[in-house]
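By letter and in written order, the chains are A, B, C, D, E and F; residue numbering begins at 1 in each of them.
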């Protein structure tokens, strides 16, 4: 009988705290978004499952000795997992469209205004009782506007580990919501005529340019923003493996098995930070609100910059492509393509939007470097 | 000359202790079983090789600084490797047959009697001088009856690390011996008429059921047996990745490269525990004997349960499928199919035996949770 | 304004030390060799990139918390990465040609004279002011003559971690230069008639021989040179997985994804040791010079041994194949084939050169064991 | 000989409790799965569990259209080369 | 309510500096990339960036010769078996 | 200039011992491998080491029967579509 009692005293039923139940429901919600709504499932499915596991009473997943504890401390606290993901993304990225039309980099720059406006917004939130974001917290939150998952996780792990779970969830959720968030903003800021602009076909890009480009990016980062070199360096390493053509087996592994393995672990590890005491706070609400603002402002500033460039170029640039500057690769570029097709059924903007899209990745890595350097 | 002497003084020839030689022979025997007899080669080949390496004098494979030392402490002592294997197995498991006929779960439950009877048996062995199993030891030994390698390794790493090598070797060896151990018991406990029973074709199972099933399993485990959630949770995570259909690249990696990498390391790490002082003991003999008893009792109780269910159902269930309840996936199901075909050449029981077979995996994970909770 | 100043004070521009700039140029040079000259790109590309990253001021890649720091300490300092590479190489190696003609092992033995002569040479260099190699340093340098990357990295990590970067770079560079270094030596030491010798077709080799061979190699190593068992053991483990035929999925993973992942990390980790204070020394010049000498002497001694064996066998052995005894698999064997074809357009020596080629891997692993045992 | 009675008592108790727990748990799962079947409507995506094993026989009728295109082109080339 | 003025000042300053830094950096990169295009001659290995996506349509005209050989042989076998 | 004589003595001794050890070891391996050849009977599974490299040329005569079936079916479809 003692045995049965002991077994009973260990059950979840006998030990659940309400907050844990709520967090498990949050985890299930993320699973629902991932599986049914197909919201960035590669990350949100493991994150959601990790959140469920981390909130089981008496299971100790995220305490010393638990598997999520090891995953988090080995891979996320050290920054290793997001950097490896970034390497894999680099190996998947084709900079061809950007090299053919480098001015697109300015769209990737403009869209980062979403980040810095959110930084200010986060500090403003401190006016509301209950919020008390430090500058480091605000920086980590602002990076959600970069629309780049590994960058957000990396920065949060360095500047605000307690907010990591909420920041990662917000970043991936809004990336999945890009097809809903962006089109109204894009349409409000452009005229139908602008949306119909067809762009010239891009010039061919030589293999040599593609090889030197990541080295040039790294070189400039080294000279002017060493704080961004962990992110930019691993990204350029992946891209160089891809474009050099001499280490295809390494490049393929970085793009497939390695990034898949790390994604599983990264997701579980991020999910393990979704504990009640860290997530069920008013700060999380603030982060979710700020994240939406960040995406909206980033989209708007990208479109406005593209609009300005369109006028200066005499109407050769379709301002819609500015929206792709937030990154959210390749979702944002697809959204541009879709909105463009609505205005002009013969206007395929996908390849043109890939330029600002990958520029946005570089832009937010640079912004992350600035934030790390100034708030770190 | 000093140099030659030093070299000689370092040789294996000059340093072998007889017990190390014996353990190397044990390792070679495992390699023989794996390669020539095809006994679970995926595990027994690395285990055998690890055993050889770990017993080389002056080589230090399992001392600090040696590769087996790192593998063991990083992956096995922490429980990470068996849990990752379990995740991969989850991603490989199709619960369709079980969802179509959930009563098969009772067969998976009944077969766990092999575990608990062995627990009693291990304590009884303490009557013989030389044996002194604690309750934790006995629990770790008993889990051999679960016929599930990663579960056995995980439990042994938590409850009886010193017995880990012998327990893992026994578990995999007897799993390989299932085609020899089970048929006589199956035939002894069933009549020829029973063995000829043909079962109805299984109903189709919807994708939705397959997605919710692992979550239901996890939910019940959380509510009633949190101690089993590390095993059940990782298993269900793998299964959800498989069935959700939205993270195919993660699921494929979990089923292939990741599980292969971890299998190599798990095997080597387990092999490194096959040291003379831990393995060349009377306890090992006891473990081997108890393991055989566990498999036999598990098989018998599964068949008897199936027999009872067959009678209650009016002869719609072929009692042979109860033997698959021990797990040993998919070997035990194949044995059921083979014995069934002997009785009735038109009777294909394979798919029907998959239900109890995967039920046995859940059953032994639950049993492991009970043992962890009560003896841990 | 303070912010801009702070950002400026963090830039690479404001912090570069000349020595770091030089090392980044060294890294770029390695990238050039890898990508344009196709010098062993699988290793030299990651090494070069790692060297660039490690020398960025204020980036902290190889300081605690930096990704290269973790990679180096987890994988190279422990010896784990080179051993895993060796396992993968073992899984890729076909000993068939060597088993068919085991006397080729003597060529693999003779070519190791390059190692031991270089050991003496390194000590002689101490006569020059500025050089002060210990016996351990000299041993680690000498192993460059083994023409085997993972062996060199493993030994250097154990005997002379400070020289690891230079030793690895020298080893891979000279392996890439084998087509330039070897032919003149091969031609100088052989007559045109000798180079035209055609060799008998090799006998078929049974699967059983291929399975037992790695075990025999390991057995002899255990008996006579336990210090070599980490290298030889992991190599033979890989080879046994390959030849046993029962663990194909493990063997394929060891040959592909696992070795690719480890190669990426090994390269980055080695590159991180290319810091100015360790690399921009007169010792590095000495190491580069000694490495060239080692390759030349190894080639010469292999050819001379083959010449002697050719005479004793009554002209059945083409002395060119002795050059393949340095290992540098499969480059050296291809060079033999090419030089042979120049002398006799119908003389395909590739398969015959594979015997001494893989013998050279075993030979240098044995030599590494001797060095570890006597200088470690 | 040590007195193993207390240990035996404990082991026996664990046996009883363990089997109860296993059956209790899996019986709940039976019920849950049966409920699940009722809740999941017989939707289009239903697939017979019988055929879900990966070694299913190749189906002649459903050819990858791309493969067919490649083969058709190959046949054409073959004909041209062989003057059929 | 805390006095957030100093924090706000800092954040505003970071915003200004951050946007300047991002534009400065990416403008340099624009210039560098344009230089790159001038330095890289229009060599043979140039590939249109348009077609560099992996989902490019299969090209009928360029068949793997080995595949053609296999198919030709298969066609031959098929003919022999079917007495065309 | 330091006195390197003791170091040189040691290195020379390592050279001598090392080469002896390497030859001794590999000679034992020669013997062991020769013994191995005697013990391993010329069984069916023997494969010529010459052809064990993975880049062996494709063999026309041995086609995967499944591939043949797929191709045959494709040819059939092709014929139907093209009214040969």
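Heads up, the rule we're going with is that a residue touches a chain if its C-beta (ideal position, glycine included) is under 8 Å from a C-beta of that chain, and two chains touch if they have at least 3 such contacts.
Chain labels with UniProt names: A, B, C = Oxaloacetate decarboxylase beta chain; D, E, F = Probable oxaloacetate decarboxylase gamma chain.
None of these values were measured; they are calculated from a predicted model.
In a homomeric contact, the two copies may use the same or different surfaces; for chain B and chain C, under half of the interface residue numbers are shared, pointing to different surfaces. Interface comparison, A-C versus B-F: the higher number of contacting C-beta pairs is recorded for A-C. Taking each chain's centre as the mean of its C-alpha atoms, the one that lies farthest from the centre of chain D is C.
The angle of the rotation superposing chain A on chain B, based on CA atoms and rounded to the nearest 5, is 120 degrees.
Each chain gets one centre point, the mean of its Cα atoms, and the points for chain A and chain E are 19 Å apart.
Chain C and chain D have CA centres that are 46 Å apart.
Chain D has residues 14, 17, 21, 71, 75 in contact with two or more other chains. Contact with two or more other chains is made by residues 3, 7, 224-225, 257, 370, 374 of chain B. Considering their complex, residues 94, 96-100, 102-103, 105-106, 108-109, 112-113, 115-117, 119-120, 122-124, 126-127, 129, 132, 135, 138-139, 201-209, 212-213, 216-217, 220-221, 224-225, 351, 359, 362-363, 366-367, 370-371, 374-375 of chain B touch chain D.
Remark: chain D residues 1-2, 4, 7-8, 10-12, 14-15, 17-19, 21-30, 32-34, 36-37, 40-43, 45-50, 52-53 touch chain B in the complex. Chain contact summary for the complex, chain C toward chain A: residues 3, 6-7, 10-13, 15, 24, 28, 31, 34-35, 38, 41-42, 45-46, 49, 52-53, 56-59, 61, 65-67, 70, 256-257, 260-261, 263-264, 268.
Residues 13-14, 16-17, 20-21 of chain F are the ones touching chain B in the complex.
On chain B, the positions that touch chain A within their shared complex are 78-80, 83, 211, 215, 218, 222-227, 229-230, 233-234, 237, 240-241, 244-247, 249-250, 252-254, 257-258, 370, 373-374.
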